[in-house]
């Protein structure tokens, strides 16, 4: 899809973060703010009578609940599959092409989380109703990028000119990939990738950033960047997606990618710490610090996800 | 239940397709058409304030979502169990009789999919609220038969006089059994069963058809009937329900029961191809053909399921 | 939490049954009666626009459906997790503290069933919205105690002065523990614990009853008490929670804890038989007896659970 077109017309589906133009982002952020500024149970039922289906081929209760709450808050309804692998199991063996041509009659939009890269795109191609990619294997997770950027916008008031650090498993983490695609649309942004050798950011993203004039560099320990950046974006090592030998290689250098009370002191007062969650041991801060320190933004980020998804659903469903 | 009674009074439960009289079918089809003729989000909330429970002792996301969407489209609400085996697990060991006497207080109707033949009938016997059988082992699947026949009615404008072929695993397929029970109510209908020896239609159905003056015969390859019938009803070999030795015996003759681009040319222009879905390799048509050829009716059939179930829920819940 | 405080102010969370004061119980029972006295689909939408999240780390379809139906009957909405272990799995490893700080943005109240004692209390400590404990390991199940006592109140018109027998696995059964805590608030109540040696009620509860001047004693067979008590509270041996050697020791004496048609004759005409359900072989009564004998109260008890939970949700959500 050419970006040009998206400026002029509304989105049919959201499959990859590149589809989100600056104009559209600005509209979605403004609508998300509008939802956020009123009691959630007072939001007008903008999608009343509409039904959203969630097809989750791998479990992700957080993401699913965030979408479902967003739909319900807007006055819509939800049909859910926590266990959509049933559709495509070896026994029954249905293709995603068949599944979407059935489910698009049951619902007015379909949210798909799939273990295969490209699955959401294949579904979008045949679907009569909007398809939202909620994560496709090692592919993308565009609504995560949307809420990440919405959080940056809310915390700083702007995105242009900010310095980002992305830390952790950058090779298999689809959230950092989707976020980089979005950053390519902004001015004077820089990105430092902080990862062990085995988890370094892949070449395609680096080339994309080059093409879009985003400065980037690489470091091998979090302490080398903490004092120099505005946004520290940490990610979990997704043990379920990586090879055992990589996990083994990671153990000795693990501490280089952990944020704790000690190196938190290096972080600038106006900087913000983000994480797509769930987090495990890559953030080792006590609950009291998390609840009080304004630099800890990841729970606000999760909350912003609700409002960003409300704005997206409203955009896709009200035409 | 005697058929007589059902003509005069409303259904309490739907356990087997024989309960659906011609008069009731006609009412349900007409109401389903009514729902189909308006935007789904404009349908009046005919069951507002009512709650449907789905108890699925074996997964069937398609059927469950179809029922749930139907209930929500009518303004009702849904409580769901994707994993109702928890009720009856070896550990907790609750009977269906106990379960229904608990759940009938939580909901205004209960949709049951169970691995045991007769389970829905046992539940209906004790339930204070309507029970709908959504498939019971090798028993029946009456709402599938309802939507199959509704599809035939919509595609042809009538059922009387049509020639049906039923193809595939006719021994364990409860959808073809339920459909045969319904066909027994119509005039001048004929059925050709096309199955390998191991999956032939059982005697009880053949006797039922004889009693109801429905002509039937049997063939051993799909190409022998494709040019002669109006409705080609294909079914999946349900690998999860059949014995390994039967599966082995099936492999060499498998191709005799597959519809592909080549033998599609034998199908009459005004004929229609139906399938309860999910389909696997028994239909080998490219997506483009499926999307364009008017004879391919199985995705319309799935869509009709939504409206047929809306009509049924409205019938059972509004008294 | 001191009981004093709860008399004067509204509950924020419900974590343990001790939090329920007599005043609050009386308010909840009266509201539950109010809901019960009108058609369920005519109840005013007292929590319209509110969303309840259910986080079930171990399956309990009955309890979950009861809460969900209660929320929907009140005009609210529900987001569900049948399989919340995904949050805390070894792979992703999120703490309950993180989970609640995410989910409390998606929902206006959170119902938690967890395999670990104390989990709901930990969640309540950090949650912005009301948390309801729906069972935490061998800890408590306060809404079960609430509905148990509500049933006693409806069947007898009072709780003071009644003689209770609690039968079965009293060591690991959290429902009897939670109920004992509530009984401590009433006058002239007595409790007889009927359990094999391996499943005897633990000392902490006996001491609690002593402190609250509740007379208690112990017996080793159900027939020793059936003629002497007003409420017979039977429980299931929770095979999933006990050690194999205990299960073995239980087999020879099992019959001493079973209610059947023979010893039912010992039960006083005005007595009532309760059970938290699901039941297995500890109650061996035919369906016809269960449906007719007024002493069998356990299905009414399950039904009361819906109304008691409606009253609780209304209390926690409308402030």
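Observations on the structure shown:
The first chain written gets the first letter, and so on, giving A, B and C; residue counts start at 1 in each chain.
Criterion: a contact is a pair of C-beta atoms (placed from the backbone, for glycine too) under 8 Å apart; a residue touches a chain by one contact, two chains touch by 3 or more.
Keep in mind that what you see is a predicted model, and the values were worked out from it rather than measured.
The rotation that brings the Cα trace of chain A onto that of chain C spans 120°, given to the nearest 5. Annotation: the chain B:chain C pair of sequence copies touches via predominantly different residues, less than half of the used numbers being shared. Remark: chain B and chain C have CA centroids separated by 40 Å (rounded to whole angstrom).
Residue positions of chain A touching 2 or more other chains, listed in rising order: 80, 82-83. Against chain C, in their complex, chain B makes its touches with residues 48-51, 53, 77, 79-84, 86-87, 91-94, 97-99, 101-103, 105-108, 126. Touching chain B in their complex are the following residues of chain C: 40-43, 59-62, 65-66, 68-69, 72-73, 78, 80, 82-83, 236, 239-240, 277-281, 287, 291, 299, 302-303, 306.
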